[in-house]
Amino acid sequence: MKSISIGILGATSYTGLELVKLLGVHPLCELAFVSSKSYAGRPFSDVFARAGTVEDRVLISPQEAVSHSVECLFSCLPHAVSADLLLPFYKKGVRIIDLSADFRIRDAGVYCRWYKHEHPAPQLLEQAVFGLPEVYREHIRSAQIVANPGCYPTSVLLPLIPLLKDVDTEVNAIIADSKSGVSGAGRALKLTSHFVEANENVKPYSIGRSHRHICEIEQELSLASGSEVSIVFSPHLMPMTRGILSTIYFQTNRSPGECLSIARQAYQREPFVRVRERGELPATADVAGTNYCDLTFSDGNDATVIAVSAIDNLVKGAAGQAVHNMNIMFDFKETAGLPR
Amino acid sequence: MKSISIGILGATSYTGLELVKLLGVHPLCELAFVSSKSYAGRPFSDVFARAGTVEDRVLISPQEAVSHSVECLFSCLPHAVSADLLLPFYKKGVRIIDLSADFRIRDAGVYCRWYKHEHPAPQLLEQAVFGLPEVYREHIRSAQIVANPGCYPTSVLLPLIPLLKDVDTEVNAIIADSKSGVSGAGRALKLTSHFVEANENVKPYSIGRSHRHICEIEQELSLASGSEVSIVFSPHLMPMTRGILSTIYFQTNRSPGECLSIARQAYQREPFVRVRERGELPATADVAGTNYCDLTFSDGNDATVIAVSAIDNLVKGAAGQAVHNMNIMFDFKETAGLPR
Amino acid sequence: MKSISIGILGATSYTGLELVKLLGVHPLCELAFVSSKSYAGRPFSDVFARAGTVEDRVLISPQEAVSHSVECLFSCLPHAVSADLLLPFYKKGVRIIDLSADFRIRDAGVYCRWYKHEHPAPQLLEQAVFGLPEVYREHIRSAQIVANPGCYPTSVLLPLIPLLKDVDTEVNAIIADSKSGVSGAGRALKLTSHFVEANENVKPYSIGRSHRHICEIEQELSLASGSEVSIVFSPHLMPMTRGILSTIYFQTNRSPGECLSIARQAYQREPFVRVRERGELPATADVAGTNYCDLTFSDGNDATVIAVSAIDNLVKGAAGQAVHNMNIMFDFKETAGLPR
Amino acid sequence: MKSISIGILGATSYTGLELVKLLGVHPLCELAFVSSKSYAGRPFSDVFARAGTVEDRVLISPQEAVSHSVECLFSCLPHAVSADLLLPFYKKGVRIIDLSADFRIRDAGVYCRWYKHEHPAPQLLEQAVFGLPEVYREHIRSAQIVANPGCYPTSVLLPLIPLLKDVDTEVNAIIADSKSGVSGAGRALKLTSHFVEANENVKPYSIGRSHRHICEIEQELSLASGSEVSIVFSPHLMPMTRGILSTIYFQTNRSPGECLSIARQAYQREPFVRVRERGELPATADVAGTNYCDLTFSDGNDATVIAVSAIDNLVKGAAGQAVHNMNIMFDFKETAGLPR
């Protein structure tokens, strides 16, 4: 099978680093460029000593990047910035996997309400595909723009979507209590990511109805169920580097066992979703460094079932899922280059 | 003010160590003995190098302990064992603060159902007082047996009780999602407390309706409200040593602002409860090493309010609350010897 | 005994916070002001939720601070800045404990060589006393300016000074390999203190002859021995918040047992130095939160003895030692207000 | 290239798990069996949820294992136990990579002195090869028994051996101060590996001349130099899961720059040794999860040079190096299946 040439924008974020490492050993990729605005002109190892096989690659500016011909482009840039810099690639016909939030929200008005600025490329929204392979595989196959899902949404959507799609299953009063490692907050310096502040600390933030990932989660849950779904979502910062665990409470007419059957049915051929037995509660260490999402369902009380899911926020929650999307888009083996 | 003589059973658990440290610097206590079955005959420093001022104290056996005359006895023994060993002290009229679960549950049948064995001293249940000072202060003052509350229950009860006591406030569909440091699992060797297993990991356990602390929480919530209250409770193990954060979801006819007012009113004179502003979400590091419980209320959605509380599981969740109870029982200043 | 009024400059550093907490419960101190350039006008709790009893205190600017009459002033400011702002207090006769490096080095030329700028107040150097109570107690008693030692120097000097003072003991080829928690790097945002970079990482820095604390260590070792002493010093950053462990290798004509005897003799009446048995190797957790320095000596090989010492860098390595100095200066009980 | 069939004894240790994960994705290996005495009959996932592709494999007893025909056998058993169980495989001509200490020490008397029991198979010692590929590659190629080096020795030997082999370079007074993650202490339950004891703690152990790895380090340094070499070695336990950093002090007639040249020369074609520039101090996070050893040399003082090396104790310090040895023994590409 023929290799493809790829480029990465925003390669010096934690997500970028993870992507560089994955693609650096992917059997069917040639890394044409790695780009960074802040570190242009310097070798990757100036930013991360642990960059492995690509440590000697010199980072180029986004401007320079545009002159390269690549078949697939990954963007790890922040939202708003991302859509802007992708446009020239889009016009040249490059297939794009955007890890920012820019193309995740179908409605530019909803995007604007949550992200507090006009959408930078509303004309492209219609053709962007939400890159959750377990749900949109066939659309991803032919998409030019894939919007890679957020880390929290991935962990909340995977257990719930099969239930919401099932017409005989009612799911109400969803509360997602999510726990994330500090790498999810990025590499930018801020007090909440300072070691002394984050270590030996558990801290909620943006709880209830204020975190931006809510609009992404609700959009996909609503599409799955065919009617408006609303959630309560409470993220927490954990004293660890990697991983998201989501504990999701919902009211339903189903037993945990029935929920498990529905999920097993939905995911039986999925290479990266492991539906666990009822007693085997997922834990972040079980999926660290892998592209797996572990999930199960457990008894709440009469009316409530508890879903628990675990992912590595940098792999299944970001770079790994992006590679999975690329594998689908270019008709590679889906598991190629992905750690399990 | 006159000092009292005290003794500690089960002094070599993490809770025991914390208690020894607190009482070692308490201005009104004389430590008559520290006792341990496993380490009897050896100095405290054989068990904990960090025992501070009591490191040279030699631990005595529980049998030997009984021969000492003390005015106040603390037990950090496991449930079942605890009630047994307390009896001789009780008969001599010693006032007792039991940190085990043995005297927390009023109904011996409920105790038996959750703890899977007959209650070891049902005849004493009636006179035992649940040692949550903010609720039972006046009963504690004259009690001979105080049952020190569990760590999780302390963190869940303090935000909810004022609401449940308020006749105009409805509280339903309570879900408590709690996150605890590893010290809460004790010093006994087990794989889940092994550094390599617990580090870089978030792991739920006994979620839903299976953790023993549920019977204690429901008993006190029901007493506060005057009718049966039932909860869903999901504990999680965090990669840190100390602290519990509880994120509590409930349906109510009150706004978060109203909940805050009710809590402020209830706790305005309490030295160890800090009701925070709505935006100031509690974090475990803010209360580490102190006897504070920080709590606040925040928006969920139309029907749901979120309470967040943080305590140090070894202080307000165990040893600190025990000292607070002693201060009340012996008419000391309530804050004496307690870190803030 | 009469209380004294005190003020703190630079109160919002980690050292400042630790000092505020210690002085907030000290039985003989009245906190006249807490000052911060960056946070002037805001309550302490805006900076640290965990400030305990002083959380409502409003921080004042250094300029405002000068107008207060205090009997003792603590400065937690950075070097150079510190000496400057202390001058007006000095002129009013206030007794000063400076936690910066400004008054630790007796020779302004040496200071300039290591700190890369002219000394800001060379005229005061002669009267400043190096605030290591175990060595300079009598000078501290009457000093107007006490230079509180650095954290690494405290951990390296305490095991070695008794040996160097002993005329029959030879000590050569000293190598100090020190391991520090991240709080030692301060609260300023930098990549090396970012949680994701520091967690699960051990990293040496400024090893050999490049760390500034070398001049302070060599000055005091040379004064103790009466001749020039030179060391190799290698600090390392550990994935934890608090603590310094120094493993110190040196060639000597003494056995570890003889070193222990000399140290025991020197420290027998010291309240904050615990000379351990040979087999009991110090560990940072044993001294965390206390003002203790634990130390011992152990076999290297024929020619080499290994000293190991452990302190809490924020307590014995900074704020606790400063309070100890104050206790000596004002003739308080030496252990007053200090955690053990 | 043809695949080989392999078996693993002691597969449920941390080293075993790492090996299982590496071999599970190795392109040229077929896993014939995974064996464990304690867990025989149960699937791998009963022991480790995170076992990836082999989670459904059922563990077999060592007795059962012997009946399998494999071309290469890995043993992750403890010393003494290991040699015993390897014998039947040896007799069948199976090529063996032993990760225990049993075949590392050439002299059965030295082994007995350090390991406190008679060597279990002294007749095989002569033909066993010390599996440090950078030194013994050609012997490994044809060996039937390869003794995989210890984790600490790997980190200490790689920087020093090129210098000791160089006839014009003097190396004396070697002191190795090593810092290890807790996984190095294994999965057996003990208090020093309990999360609460190891977290927020730095602790030396077996310092000076008492750790068993000394005999292995001194044997190889002496062989490299052609004369007896003796060291001081001080291991420390760090609050992290993976990684060893060794800071090595030695007296030499060479400058750090010259040491670097010698090491670069020695390792220029080595795929897993990265000789860093003088300013670029290795850190454990830079090599975590990889088979790299990063090393450099830095200024001590006139007479002393400091070597710093970093490895992942479970990869280059154990399982990764074992796979490297297998690649050499079976003439595979040396980097096959190894993370970089």
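Just so it is clear, A, B, C and D label the chains in written order, and each chain counts residues from 1 on its own.
Please note the rule applied: a contact is a pair of C-beta atoms (placed from the backbone, for glycine too) under 8 Å apart; a residue touches a chain by one contact, two chains touch by 3 or more.
Since this is a predicted model, take the numbers as computed values, not measurements.
**Student:** Report which of A-C and C-D is connected by more C-beta pairs in contact.
**Tutor:** So, comparing the two chain pairs, more contacts are at C-D.
**Student:** I need the pair from C-D, B-D or A-D whose contacts repeat those of A-B. Over half of the residue-number contact pairs should coincide.
**Tutor:** C-D
**Student:** As a quick test, compute the distance in whole Å between the mean CA positions of chain A and chain C.
**Tutor:** A distance of 46 Å separates the two centres.
**Student:** At what distance in angstrom does the C-alpha mean of chain C lie from that of chain B?
**Tutor:** 37
**Student:** Centroid from C-alpha atoms only, then distance chain C to chain D, rounded to Å. What do you get?
**Tutor:** 40
**Student:** Do you know which chain C residues sit against two or more other chains?
**Tutor:** 199-200, 239-241, 283, 285, 288
**Student:** Which of the residues in chain A end up touching chain D in this complex?
**Tutor:** Interface residues on chain A, with respect to chain D: 25, 49-50, 52-53, 200, 280, 283, 285-290, 294, 339-340.
**Student:** Taking the touch rule as given, give the residues of chain C at its contact with chain D in the complex, in rising order.
**Tutor:** Against chain D, chain C makes touches at 173, 175, 177, 179, 181, 197, 199-205, 207-210, 230, 232, 234, 236, 238-243, 245, 247, 249, 281-285, 288, 298-301, 304, 306, 308, 310.
**Student:** Sort out for me which residues of chain C touch chain A in the complex.
**Tutor:** Spelled out, the residues of chain C in touch with chain A are 14, 182-183, 187, 189-191, 193-196, 198-200, 239-241.
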